[in-house]
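I have a structure I would like to understand better, so I am pasting it below and will then ask my questions one at a time.
By letter and in written order, the chains are A, B, C and D; residue numbering begins at 1 in each of them.
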Amino acid sequence: MAEAVTFGIFAIVALAGAVTMLVAKNPVYSAVGLLSAMFALAVMYILLDAHLVAMVQVIIYAGAVMTLFLFVIMLIGVDNPNAYGPRPVSQSIVTWVVAGVFFAAIVLAGSGAWVTGSAAFGTADLNGTIENVADEMFGTWTIVFLSTVMLLTIAAVGTIALAYFTGADDDEAAA
Amino acid sequence: MSDIVTVDWYLILAAALFAIGVAGVLIRRNALVMFMSIELMLNSVNLTFVAVSKELGLIEGQVAALFVMVVAAAEVTVGLAIIVAIFRLRASANVDELAELKG
Amino acid sequence: MTDWLWLLVALPLLGALVNLFFGRRLGEPASGWLALIVVVASFLIGAAASVGFFTGDELPETVYLFEWIPILGVDAAILWDPLSALLTLIVTGVGSLIHLFSIGYMHGDERFPRYFSFLNLFIASMLILVLAANYAVMFVGWELVGLSSYLLISFWFTKPAAAAAGKKAFIVNRIGDWGFLIALMIIFATFGTFDFETIFAEAPLMFGVGSGTITAITLLLFVGAAGKSAQIPLYVWLPDAMEGPTPVSALIHAATMVTAGVFMIARSAVLYELAPASGVVVAVVGTATALLAAVIAVAQTDIKRVLAYSTISQLGYMVLAVGAGAYSAGMFHLTTHAIFKALLFLGAGSVIHALAGEQNMFKMGGLRKPMPITWITMAAGWLAIVGIVPFAGFWSKDEILFAVFNRGDGWLILWLLGLVVALLTAFYMTRLFVLTFVGKPRWDDGVEPHESPPSMTIPLIVLAVLALGLGAWNTPFRLSFEHFLEPSFEGVPHPEGASTSEFVIFAGLVLVIAIIGLAAAWWRYTRDPLPAEDGSFWRNALAGFHVDDFYGRTIVAPGKAIATWSSEVFDRKVIDGVAEGTARGIRDAGSGTSALQTGQVRWYAAGMAIAGILVIVFFLFIGGAF
Amino acid sequence: MPVLALLVILPLVGALAVALIPARRSELIYPVAIIATIPQLVVAGYILVEFELGTPALQFGEEHVLIESLGIGWIAAIDGISLFMVAITALLFPLAVAASRSVTERVKTFMVLLLVLQAGVFGVFIALDLLFFFAFFEIVLVPMYLLIRLWGSENRAYAALKFVLFTAFGSAFLLAAIIALAVLTGDQFGLISSFDFRLMVATELTATAQLWLFLGFAIAFAIKVPIFPFHTWLPDAHTEAPTAGSVILAGVLLKMGTYGLIRFNLTLFPDATVDLAFWMALFGVIGIVYGGAVAIVQPDIKRLVAYSSVSHMGFAVLGIFALTSQGLQGSIFLSYSHALTTGMLFLLVGMIYDRTHTRAIADYGGLASIMPLFAGAFLFAAFASAGLPGLSGFIGEFTVLVGSYLTLPVLAIIAGFGVILAAIYLLWAYERVFTGPVGNDKLETLKDIGVREVLILVPLVVLILVTGVYPKPILERIEPSVEAILMRIEAVTDYDVPEFGTAGEQVDVEYGPIEPGEKHDDSSEGSQGEQHGDEGEEG
């Protein structure tokens, strides 16, 4: 019961955060909304016994990523949202139709038993401790893990490259 | 795990978050907020992964979630770098003004 | 003694290398003497080793040196039998004399050591050819003499004609080598080895007379022989080869290398005996070559070209002989021809030397006085090739014609044609001799003919003596040459010898014909003024009946056109066209679809979202949700 | 000691050393680069000396599993097929580096690229894990592309792009085939996949699978060799590349194709090999005649040599798909010898190009009287290339021709024309460039080749001569491996290798685990007087 309550509260927090992010005129508010959604999700993970994922969620997302977002927002200045002018109506309609259909499709898909292949929930004894996850990650998934390492390296290099080559050098970088 | 909160709840929550993310990408003109929406979508997928992982008793779901986070982190750094670079060039974060990707 | 046989090849090779790398340091006469010494040493070793064959108490022997191509079972090995001994003695003997001659002839040439290096290389290559104990090693020598021939013909490479002639010689020879090469492939596929010993022992056991395989092998071998021994249709390189220094013409293009084809057929006698059809082809080609070359020789004005065509003609005789199965007659003519043709060439060289490079016989005349030694020795060569008793050529030519006559039937036609060739030979050689030495001097002003130095006249004298006396080696009365060669032709049937009365009749006939030709030419060319030779026969024959042009128009030009088309059109248009067309197609498709890219990120995002929905719907659909 | 890994590592270390030379000490780059190629030569020499004769076993084996479930690992070994490819790679790179004195722009990059290229080439020849093989096969492209693109002559952009596109086109098929084969192999050994060559050999494949995989491998290698009609990248790449690039391209990179055909196509897909041998050999022979004919009319001396490569490599292909011991041995020998002769020709052309900056034959004439030493060297190389007996070119061509006549007589006879064509194009080119009167005044002032250039040529001359006169040490090292391949083909298919000469002696066929250096006493020294051909009947 306590779990149901916890789930309910934090589901609302997550949705509220997400909506805030969507509608806030000021990107800083958007960021704060997203932040709260992420915290809420971390709680969900704990509910699901994924302790490591929850921890990483807090540290990486709520910590590093969001900080980075805020940092960039401050760096490039908080835009005046009115400067963008009115939004075309057609865009809004398309947006809400697409988003709605998406939601319906996902729910529909999730409700089909063929997706999960199992009707029972939580029957297995699963504990997402660091040890369990590490076993899996460095056993079966070594090469994927190594690929992500390479990906991160490339991302780092790419970021540096973007920071260096701007303006006049653009043409050469493009060629 | 109680029997009240089934996997369906988590999946519906994830679907809702994902839909909001989609809407954000499509409707917001501020590149930063679009980015945040993408992050939200990734998070909703993570939630699905973890929930289904619990459901099936397979640790792989959590591993996948971790990988998604890594990829997301990489993506954020590059993406933000691009935004900063574009901003330096155009002094604006309005996506509609950009057509650099025109083929 | 046979343990030392490898020195036969090694010594000239060493001489070649030393002269190649240190020749400049050795200086002019020294490098020539070094080259001479190694060849003489080879001659002495060869002579010492072949004593046993002369006395008749030594048997042929195979000397293994080392394993060459293991996978083909080819060893570097020497087959030391009378046949190879004979050729060794000719090559090193005539070779020594020509080295000696060259020391005088090449005096003052700035690439003097290089010349002797090449000459030594040639001797070594030729010895590899004749000493080989299997077809593969023989092919090595075969190609290497081609190389040295190339190097020596184009020795004066700044003359475009010399360079072109060397190239032509090598390429035409290569065409013949193609036949040889295919013969080698068939031999290996048939016998599994290249060894003479094994092949000649097994061929008669495996195949009957007239077998297709052996006929193919022998015909292809003959293609090779036709290239090297300048037979129709591959003879065209030899007249051009006269661009080389004259001693080279004497050694390579008269005495030794060009006889390699004849030697090879004689070596393969066992196979030719199994393929009578090939024998006929060989004999017919030989006769045709002899006749054609003799006709062309009649009209030549360049002294060396007369000798060149004469060589082709005489080679035709030898080929006729081996084709008719008279192997030892063919080899005997090869031997005597080596002597007297070398003599004639060296004599011609002496003349050319004296006249400062003049080669046109119509600008000579009356050289008898200023060049007595050359005149006398040249006369010996002339009488030998014309076939006057008792000079060497008389005996050997007579023997060939007799052997051909003895085969009877259709061979009689060849015999008759052989007689015609004898007539023509007498005519054109007398023409050469008379125009050069008899009559009034016609040389250009300012040319002072003089007798050549001793280094040039000594070889002439030695050769002249041999041309006079060598015939005694194999007269119908005393067939010691045939006995000498017998161990090499074991298992090959002997043509019948002539009885004395037959001999007198046939030899008399040949002699009469020769004298008729001689007299006719003597009468025609001692007249004053000389007959003008500008009729259509003379012009066409002088140009060799335009065979070179014919080859140029029918083979070379179309070949080049096809190659150019392949290079310019097929490669660039067809193959690259396909490749570039593919690339262009992909690029066009790319630029077509790129029109869809508006650059508006929002539309991309919407597109992705819609695609995502479609994917989900698709899975729902196949999952049976609808 | 992991000597084979050293072969890959040492050039990279050398490249690093060159890269670390500071800009102000740029005069050090050239000597350091040369020195950096020496250790590989030493290692290759060590391998040659220690190589055990008379066994087809893979030697100097190294094995480190990296990803067990996918069957990926570092597996390297050498046998008679790869031995001389490795040796020639070790030999040609120092010469190519030494011949690059005339490179003046971005010297450091140039040398680093050459060294990286060497590492890649070594990798190709020693790797027996197909994923590594493929990786090395592709890595080689990058430095080669840059060498042509950055240091080439006028039309370099086109040539470099063409080179990469052609090769990459083939590689796509190769990668697909390798992965498919790895999965099929894994299936049979209870893994997800396995790239281990030895397991692949043991895998049983259906005829259809063999056919498609064979084609996938063959296209990549056919482009590399190159086999007609995939050859058109070669003249352009050769012509535009700098001297070192041409030498390496002709000497080493083309051999990756023949090596691949022997190592993989013949060994892994015996049924398909037997079925398709005629067609492969046919295209090889077309290449021989076509390349030779086209070479004759080339106005550009480098293009001429390039087309001569097409012709020569055609012989190698013919020898491979004749499927006889003679043909295969000849083919490997020819690959080795072609590296020497064509490498030498390209070096020589490079030397004269450095002086005159023209490759058009028409711009020359009478050079022999100005540069006698150079002319002599060129003539030597030309004759070696034209297959003059006593030089190494002959052994390969002769053995290939004799060997292929056993199974493909008509093709062998046609291939014989290549020998005539070789004489024509080389001697005609020599005639136009070197003989006659001096072509123009600019040529009068040329200097003959100096000590440095002579030193570059000497090793090639010596090897061409020595191995032409006494090829046994090479052939006897090749033989067991070749026999093993043929025995396997015989065992698996209903094809019978014609046995002649000393071929067909019993040798151990197993591709067992690779162990360095057990001594076998039953070496395959042939008994000389063995009775040949007594069962022969005319064919």
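The working rule: a contact is a pair of C-beta atoms (placed from the backbone, for glycine too) under 8 Å apart; a residue touches a chain by one contact, two chains touch by 3 or more.
Just so we're clear, the structure is a prediction, and the values are computed from it rather than from any experiment.
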| item | value |
| --- | --- |
| Each chain counted as touching chain B and chain D at once | A, C |
| Innermost chain, taking as reference the mean of every protein Cα atom displayed | D |
| Interface with more contacting C-beta pairs, comparing B-C to C-D | C-D |
| Rounded Å distance between chain B and chain C, as computed from the means of their C-alpha atoms | 86 |
| Centroid distance [mean C-alpha coordinates] between chain D and chain C, Å | 36 |
| Chain A and chain D, separation of their C-alpha mean positions in angstrom | 54 |
| Chain centre separation in whole Å, for chain B relative to chain A (CA means) | 4 |
| Sequence positions of chain B contacting 2 or more other chains | 22, 26, 96 |
| Of all residues in chain C, the ones touching two or more other chains | 602, 606, 609 |
| All touching chain pairs, where touch follows the definition stated at the start | A-B, A-C, A-D, B-C, C-D |
| Touching residues (chain side chain C, partner chain D) in the complex | 66-73, 75, 136, 139-140, 143-144, 147, 150, 154, 157-160, 162-164, 167, 170-171, 174-175, 177-178, 181-182, 184-186, 188-193, 198, 202, 206-207, 211-213, 559-560, 562-564, 566-567, 571-572, 575-576, 579, 583 |
| Chain D contact footprint on chain A (complex, rising order) | 140, 142-143 |
| Residues on chain C engaged by chain B in the complex (per definition of touch) | 591, 593-602, 604-606, 609 |
| Residue ranges of chain D touching chain A (in the complex, touch as defined) | 67, 69-70 |
| Chain A-touching residues of chain B, taken from the complex the two chains share | 1-24, 26-30, 32-33, 35-37, 39-40, 43, 46-48, 50-60, 62-63, 65-67, 69-78, 80-85, 87-89, 92-94, 96 |
